[in-house]
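Read from first to last, the chains carry the letters A, B and C; within each, the first residue is number 1.
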Amino acid sequence: MGYQKKRLVTKIVLTVIMAVISIIMLLPFAWMLSASFKPDNQIFNFPIEWIPRNFTWANYDRVWNSDVPFSRFFANSMKVTLLSVTGEVLTSALAAYAFAKIKFRGREVIFLIYLSTLAFPAQMMLIPRYVLFKAFGIYNTHLALILPGMFTAFGTFMLRQFFLSIPDELCESAKMDGAGHFTIFSRIVVPLAIPAFSALIIFQFVGSWNDYEAPLVYIRSKELATIPLGLNFFRDENSASYGAIMAASVCSLLPIFAVFLAFQKQFVAGIATSGLKE
Amino acid sequence: MSKITKRDIKENLTGWAFIGLNLLGYLLFKLLPLFLAGVLSFTKWNIAASLDTLQFVGFGNFSRIFHDPVFWESFWNTILYAIVMVPIAIGLSLVLAVILDTHVFGKGLLRLAFYLPNISSMVAVSVVWMILFIPSYGPINSILMSLGIDNPPKWLNATSTSLLSIIIIGVWQRLGYNIIIILAGLQGVSKSLYEAAEIDGANGIQKFFYITIPSLSNTMFFLTMISFISSFQMFTPVQVMTKGGPGTSSSVLVYYIYKAAFQNNDIGGASAMAWVLFLLVFVFSAARMIVSRKKES
Amino acid sequence: MKKVQKTLAVLLVSAMGVASLYGCGGQAADSQGSSSSGQEEATTTQAEEAAGTEEQASSGGAQQLNFYAWTSPENMVPLVDAFNKDYEGTYELTYQKLADAATMTINTALGSGESIDVMTQASAMDLRVRADDGVYMGLKQFFDKEGWTYEDVMGSAMEETMNIEGDYYAIPYCNNINMVWFNKKMFDEAGLEYPQAGWTWDDFRETAIALTHGEGGDKVYGAMMDYADGDGDNYWDLIARQKLGAFTYYNDDFTATRFDAPEFKESLEYFYNLAMVDKCVVPVDEYMALQYYRDPTGMAGLYNGKYAMWIAPVYGCLYLNESYGEIPEGTDIGVVDMPTVDGGATITTCYTSTASIPTSCKNPDAAWEVLKYVCIDRADLFAGPKAMHPGYEFQSDEERDAFNHIIFDGKPGLDVDMAMEVMAMDRTLVSKDNTVRQGQVGINEAIKNNLTLVFSGEMSVDEALANLKEQGDAAIKADQ
């Protein structure tokens, strides 16, 4: 009984400590959120007022109803991110299945090439891709953002690691029953791999949503801009208003938080089993 | 030579069909650009001009960057950033993850709180950090001064602390990712080991050092490697907050590459530096691959 | 709690789904160019695009021309409409907005293969590089055809900076004159007289010190300027520029820098003292963190009373506009010429943004019409609404005053009478445009690397200038 009690006390104390640390972690966000509800001339008042004295929605109004079509940037980001993430999950799942479960000629060589390019810095490819996109005729279209995101070595690698952990016997017995590879893939492997997919979705969603350099280089038209680039436009055109910039930043973060909230349980499980940690 | 059966052919075709789409995209959008990056590093070219104006300059770009002191400072800053940031972030997140794993209420919420910095856009967040770091009256120094520290650091505005400030932001941002990975690793640690240790009367700290850490060695190895690789590629906070300054005290490789390509019309030099960065990253990825291969066999 | 979390997540995710559907709808409309969707959300740009294609179809023979700049599209409507009216049936001008004025943004657009008739740029260095690399057409032929000389139209000072090996590759569409803006209320409260043309740098310093008060976050500074860092203008060399004239950094034959000249020491020392000794100007850390280098933020700091004087170009007054932030009741902003070195005639710095015709342009004669139109004929519709002076010289006082009215009228909180009076005064302009290619990248890097150290108190003025001289000279040598 005493032991249990001691344990409970420790747990409460640790929870309090962790809560304090996590509040410190969140301070920059708190500042951002609080500034977004303040009139401009009160943002830099010291000491900091964490809860705005003169609470105002004006900054959010500015974000959504200004000349700069922020809702347009939002829609563009959604489209680019959802299509590239969906595309990536699809193509890498198929490829990962082939790498993990089908014995075909050239498999090892191709996989080795995939692996060795896993770590190329993205900045290295900005200019060459620009040259290529021009040649393909997709410069200044959303395809220039969606297509590269659809084919990544990382996604393939991560899913392959997960698929390897699915016992071969499961697939073999399905084969006995006359199932082809596609049936095994869609009926057995994919349902088992939901956690791994969640992890991949979160990683790629975050990467694609926050990507600033690719749109900067490949997108010229303002009406095609995604949120990070749009934030730039917004800053140019409303730049005296810190509150509005903070409100726009808050709006750009919300979808990411939503995706994480929706997938976080499977996300941790996905990492635990996808072999990503080894 | 074994006889090729109909089944083998079918298996081969299926394999290629499954991989085909991804492979095609991979060739077009990754391998081809990488090849082009290699070519560009031996040239002098203005991307505004037509391709006919491209000149081959041999190793000219490489010899130029190797003679550039700012390149070397950026190179060493990159390494310094990595070797300070990575161990601190991993150490802290290990402790936090172990506590989070079993010893708290509201695990999900806390986990979310720690993970938020990692999924936020660094551009938006850097703007806030700059304000927090203002030396004369920013919130951080206000707190330090109220704690009786008369001369708090000048953070982003001094050569001695500019990189350190960026390291702090790096740790802040990295913690959540590390914690998630370690939490996942902890799921694989056998509970019976802990129970046995408890029967032997081990306390929490002993359990941490004798069970948790050894069991997590794979995870920690993965984390170290991936952290190094991503910290070699860090640049947004530098670009937004310090622009490599004061002086060149916070310039890092990717920032310098970015500046050469984006501001100074030096595509060739930028591509050459990108290869140096690649080598750095490659050494670490190769090490990672060799070790994980060994484990597999 | 869990349930709330989940519901929230589901709600947000479904909202995202709807938003993305709308995004895809947008794409369909984009790709078909003019499909009339009739949706409320159809943005102005889309509508314009659609209108553009329809008009093209109806006007038949009109040739499509494209003008590229980074001004927001809404502000370009009068210029584009006026052009299309004047050239109805012959040309049809479309405005294309660039994300920003960055080197890379403009280079990628230029290299993209899009049909560009006129391209603008803010950087004189970029202009030089593009001219050297054959991206732009020489414009002398067009001047010859019109029977003009560049000097007659643009003035001799402009001719000097824009002359690249005997030809011209751009026309300045604006000329930004550096002035001192000040908050009259703060002068009144401190019991100080408003500054007058002919004041000296010593006057400036005394005024700035007298206006500085307070501590910590409430500290009010006498002045704000960009000394050496950030994306804006630099003013650490202002006194040297006033004394040494254009191409300040170079010796007469451009074979070396002249950072060892006493004028540079005087200039840097002066600004160093303001920032580090008198502490009467906004320090570099606050300047960076609060992003005062962005002009709208700079103006906001002035009318919000964070500092009493602001060194900035004339177009700074553009940001006296409610759409950039709330302007407090009773705001009263005045303007005065730059302080002088000796109390005599005013010498001040200026810089331009320019417009050029790419060599890839399909119909150079048509492009020349556009270039002429935006830079010279109708500067009142391009430079004017941006509160910028045109690149050419005014022929009469009436012309000058009419243009100044375009610049200053309708700016809430501005003392328009004072601004009109001040801008009518005589001043000598020193161009900051640097179209010398040798060493320019290296010199700019050296300035940034050394002066950020000076203004964070880690390097002495003498050491910085010695480094600048050494590194600048080396950069010139390497480029020769």
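Just so we're on the same page, a residue touches a chain if its C-beta (ideal position, glycine included) is under 8 Å from a C-beta of that chain, and two chains touch if they have at least 3 such contacts.
If you're wondering where the values come from, they're calculated on a predicted model, not measured in any experiment.
Asker: More C-beta contacts across A-C or across A-B?
Answerer: Counting C-beta pairs in contact, A-B comes out ahead.
Asker: Using mean Cα positions as chain centres, tell me which chain lies farthest from chain B.
Answerer: So the chain farthest away from chain B turns out to be C.
Asker: I'd like the Å distance between the centres of chain A and chain C, where a centre is the mean of that chain's Cα atoms.
Answerer: Between these chains, centre-to-centre, one finds 36 Å.
Asker: Could you please state the distance in Å, as a whole number, between where the Cα atoms of chain A are centred and where those of chain B are centred?
Answerer: Whole-Å distance between the two chain centres: 16.
Asker: What are the residues of chain A that contact at least two other chains?
Answerer: 44, 46, 130, 257, 261
Asker: Which residues of chain C are in contact with two or more other chains?
Answerer: As it turns out, chain C has residues touching two or more other chains at 5, 104, 108, 111, 216-217, 290-291.
Asker: Residues of chain B touching 2+ other chains?
Answerer: 47, 108, 127, 131, 137, 142, 261
Asker: Mind pulling up the chain A residues that touch chain B in the complex?
Answerer: My answer: residues 10-12, 14-15, 17-19, 21-23, 25-29, 31-32, 44, 46-48, 91-92, 94-95, 97-99, 102-105, 107, 110, 113-132, 147-148, 150-153, 156, 180-181, 185, 202, 206, 209-210, 212, 228, 231, 245-246, 249, 252-253, 256-257, 260-261, 264-265, 267-269, 271-272, 276-278.
Asker: Write out the stretch or stretches of chain B touching chain A in their complex.
Answerer: Its residues touching chain A are 11-12, 14-16, 18-19, 21-26, 28-37, 40, 47, 96, 99-100, 103-106, 108, 110-125, 127-129, 131-132, 137, 139, 142, 172, 175-176, 180-181, 183-185, 187-188, 218-219, 221-223, 229, 232-233, 235-236, 254, 257-258, 261, 267, 270-271, 274-275, 277-278, 281-282, 284-285, 289, 292, 295.
Asker: Considering only the defined contacts, which chain C positions touch chain B in the complex?
Answerer: Residue positions touching the partner: 1-2, 5, 102-104, 106-108, 110-111, 126, 129-130, 133-135, 216-217, 219, 229-230, 283-286, 288-291, 360, 441, 445, 448-450, 452-453, 455-456, 458-459.
Asker: Please name which positions on chain A make contact with chain C in the complex.
Answerer: 39-41, 44-46, 66-69, 71-72, 74-76, 78-82, 130, 134, 139-140, 142, 216-225, 229, 232-233, 235-241, 254-255, 257-259, 261-262
Asker: Going by the contact rule at the top, pick out the chain B residues touching chain C in the complex.
Answerer: Spelled out, the residues of chain B in touch with chain C are 46-50, 53, 70, 108-109, 127, 130-131, 133-138, 142, 154-159, 241-243, 245-248, 261-266.
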